[in-house]
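Before anything else, here is the set of structures, which you'll find just below.
What follows is subunit A paired twice: with subunit B in the first complex and subunit C in the second.
Coming up: the complex of A and B.
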């Protein structure tokens, strides 16, 4: 496949919060978009096409919001494309935007992921009855908690690994000014004593519900070099992108370590020339809405053998000063505007490669992985970004 | 919208019946209105009612439930019994043509203990929300497990469905009100992998 090279040259995030009542939805998107354009030293006029993603419409109660948001998105007279892949949508959206450049059709593409979760209750948007099934009467946590229990059983992990993940991510978030949750008082004990919601998931081991948006400018080779020359910040080159999905219900399906995630990782590593991911990848932003998904995804993504992901967490290897830092930004556990969450992972990975991550920057990141998942752990999107041209 | 079957309207159910402060709708931070008090929040319920036409395979399943039976289906040449069948085997990509009764005895493949209230559609907390594999089926169903202390529920535990009285049954999964334990040896958890 002869694809044009593509790089991230601009990233902009809003401040994330429970409610961003100080801006309208168009204003929220502009806040992210202008920051990304400023970072790329570009204006809306320089953008050829816009690719957007958010969670299903029922989350905000506005059908097809992208149409009324066209002006806010700078899309008047330009192609505007929306991507739908549930919780993984932020990742998939960035990949679709990249493919618009890789195809050679567009030179500079603006991509935006957002959610204004304060408008409705995502919990109930996920819980409407299905006529031929017994109703799941326990929300999203009730869906995922049983698979966490099975992971703990299979791996024999100590029951406090989830607490360690939550503590790490919430402390990392203190170094990220955009993060929703800033909890300087949080401790191991405060997490352990927090309300048990869906045993084995505690309140402090779950993601918050956030308002916010992230935007990125993706550019072809010449445009990327021009932006980098103007800004003095190196591009994050896209070394590989992959998406996979699998049915929610199928015999042989393993929701503890879904086949689609394993295949998606193998594909993106192959494109990026990565043979030994734990040695060759410098940091990871992965989609961890419930703390235990860190060790589960470490295994699914090939960073640890089956049943041993929790050891990496326990040994501190995924901490900021570990050999494979995970979710330096504070992750989904600290910020979760659902439709944006996947793109935040992709964007934070690119920020690390570009050296833009401020207080949560890891020294010398050359290669980083962004990861998103969604639905019934059935949709996966990943990209590898690096400092060198692929 | 036609005059289809009536459903319990969800608009009035208690939302966020959770411990004080957990996921409540927070105060809106709005700029100073300059003398005019800001309208901070307008609550607009959004309700949708669907008239669902199940089709051939789900009809067989729903009619089975009405008779107090759990009917799965198998594709020609396949071994896996899907329940409820959507009319095809998603692995083989072939239509399911053979009706196979599964259960009623079943095994808990995994579960969680829910400690928060989920309104009138759910049991009072704490309750067990489980994935339940009927004997003979390849995939699990969601259900609640009652009639046992939640601390005693185990992966591999044997259960059976508790049905509504025949006179009250409709073409609905709600005919099974919950599942309860039966006195049989646990199934090895390793046997349940791939069937959750």
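Coming up: the complex of A and C.
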């Protein structure tokens, strides 16, 4: 494929919180969008197209919000697209935006992911009775808990790996000023003593409900170099993008390590020329809404052999000072505006490559992976970004 | 191969969904709702100098943030309309009524609302209308019940 080169040249995030009652929905999106434009040293006039993504309309009760956001997003006279892929939507939205630049159709594309979880109770929005929708009876946590149990049974992992993940991510969040949860008092024991929500998932091993938005500016090669010259911050070049889907309930489907995730990772590594991911990738932002998904995805993404992902967590290899830091931002466990969460993973990976991550910056990140999943662990979106032109 | 069941034999199961939402209004829509509760109508001046009512937070053309709130009249002029002769459940009024684009005095744009009129012969493009407020103040748009015909020609 003779694609144009594309890079992230601007990233903007809102402060995430359980309620952002100070702004309207358009105001929330503008906060992220204008920070991204400022980061790229561009104005809305420089943008050729806008690609937005969020969780299903029912979560906020606004049907097709993109229609009334056009003026706030500066989309008058420009193409405006909406992407839908459940919880992975933030990742797939960024990939759709990148593809508009790769195709040569547009030079600079603004992409935004958001959610206002405060306007409703997303867990119950997912909880219609069977058989009228996917069997999500008790929300996402109740759905995923049995697959986590199965992971523990298969791998023989110690009971407290989930606690270690939650502790790491919540402490990482203290270094990220945008993170929703800042819990300086959190300890191993306080997580262990928090109530069991969906056994084996405790309350403190679960993502919060957040309001917030993230935006990125994606640019073609010349535009990226011009932005970088103006801002003095290097672009994060997109080395590969991949998406995969699979059915939710097909018999024989392995929901502990879905085939779609394995294939998606193999595709994105191949595009980026990565043969040994744990050696060649410097950090990962992966979608971990419930603590145990860190070891599960470490295996699904090929960073550890099957059944051994938990050892990387236990040995501290995924900590900020480990050899494969995971979720330096605090991750979904510390901030979860659903429709934005995947794009935050993609954006945080790009921030690490650009050296913009502040107190949670890892030294010398040249290659980073952003990962998102959604639905019944059936939609996957990933990108690899790097400091060198692909 | 089994025969397909007769459509009359296929069960239909009810699915009733009740679900509540809240909105964050921000500085502009929030001010508009506050004024409605005080029985006042607000618009906002856009970057071209036009008064947009109901107000918008960002300029419809340039996307710039707007802040210049302007009080407009509680009377206005019908710019176009449609007559609802057969009223069904869930419509704004229980009696036949007009859905109309109404330009309030002092505003440069029209808003879609309802006119309570006895007969379509009373409604015309250019007709004058005034706000009918709820007898007791309620939050938000509920305070503006509908419009009714007023004297004069716009």
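Here is the rule we use: the second predicted complex is superposed on the first by the 382 of 390 C-alpha atoms of A that agree within 3 Å, B and C clash if a C-alpha of one lies under 4 Å from a C-alpha of the other, contacts with A are read in each partner's own complex, and residues count from 1 in each chain.
By our rule, a contact is a pair of C-beta atoms (placed from the backbone, for glycine too) under 8 Å apart; a residue touches a chain by one contact, two chains touch by 3 or more.
On a predicted model such as this, the values are computed, not experimentally measured, just so you know.
Peer 1: Which partner chains sit in contact with A:26 here, subunit B, subunit C, both or neither? Use first/second/both/neither.
Peer 2: In the superposition, A:26 touches subunit C alone.
Peer 1: A:250 in the overlay: touching subunit B, subunit C, both, or neither? Say first, second, both or neither.
Peer 2: A:250 contacts subunit B only, not subunit C.
Peer 1: Give one of first, second, both or neither to describe whether A:198 is in contact with subunit B, with subunit C, with both, or with none.
Peer 2: It touches subunit B, and subunit C stays clear.
Peer 1: Using the touch criterion from the header, give the chain among subunit B and subunit C with more contacted residues in subunit A.
Peer 2: Touched residues of subunit A are more numerous for B.
Peer 1: Pick one for A:44: touches subunit B only (first), subunit C only (second), both, or neither.
Peer 2: A:44 contacts subunit C only, not subunit B.
Peer 1: Is A:120 contacted by the first partner subunit B, the second partner subunit C, both or neither?
Peer 2: A:120 sits against subunit B and subunit C alike.
Peer 1: Quick one: is A:150 in contact with subunit B, with subunit C, with both, or with neither? Answer first, second, both or neither.
Peer 2: It touches subunit B, and subunit C stays clear.
Peer 1: Touching A:58 in the superposition: subunit B (first), subunit C (second), both, neither?
Peer 2: both
Peer 1: Check the residue A:74 against both partner chains and state whether it touches subunit B (first), subunit C (second), both, or neither.
Peer 2: second
Peer 1: What residues on subunit A does subunit C touch that subunit B touches too?
Peer 2: Touching subunit B and subunit C on subunit A: residues 19-22, 58, 61, 118, 120, 124, 128-129, 132.
Peer 1: For subunit B, which residues are in contact with subunit A within the complex?
Peer 2: That would be residues 7, 10, 15-16, 19, 22-23, 25-31, 40, 44, 46, 50, 52, 54, 58, 61-62, 80, 82, 84, 86, 90-91, 109-116, 118, 121-123, 126, 129-131, 138-139, 141-144, 155, 172-174, 176, 189, 193-196 of subunit B.
Peer 1: Under the stated contact criterion, what part of subunit A meets subunit C in this complex?
Peer 2: Per the stated touch rule, the residues are 19-28, 30, 44, 58, 60-61, 71-76, 116, 118-120, 124-125, 128-129, 132.
Peer 1: Quick one: which bits of subunit C touch subunit A in the complex? Just the residue numbers, please.
Peer 2: 13, 15, 17, 19-30, 56-63, 65
Peer 1: Help me check something: in the complex, which residues belonging to subunit A touch subunit B?
Peer 2: These residues of subunit A touch subunit B: 17-22, 58, 61, 118, 120-121, 123-124, 127-129, 131-139, 141-142, 145-150, 153, 195-201, 203, 209, 247, 249-255.
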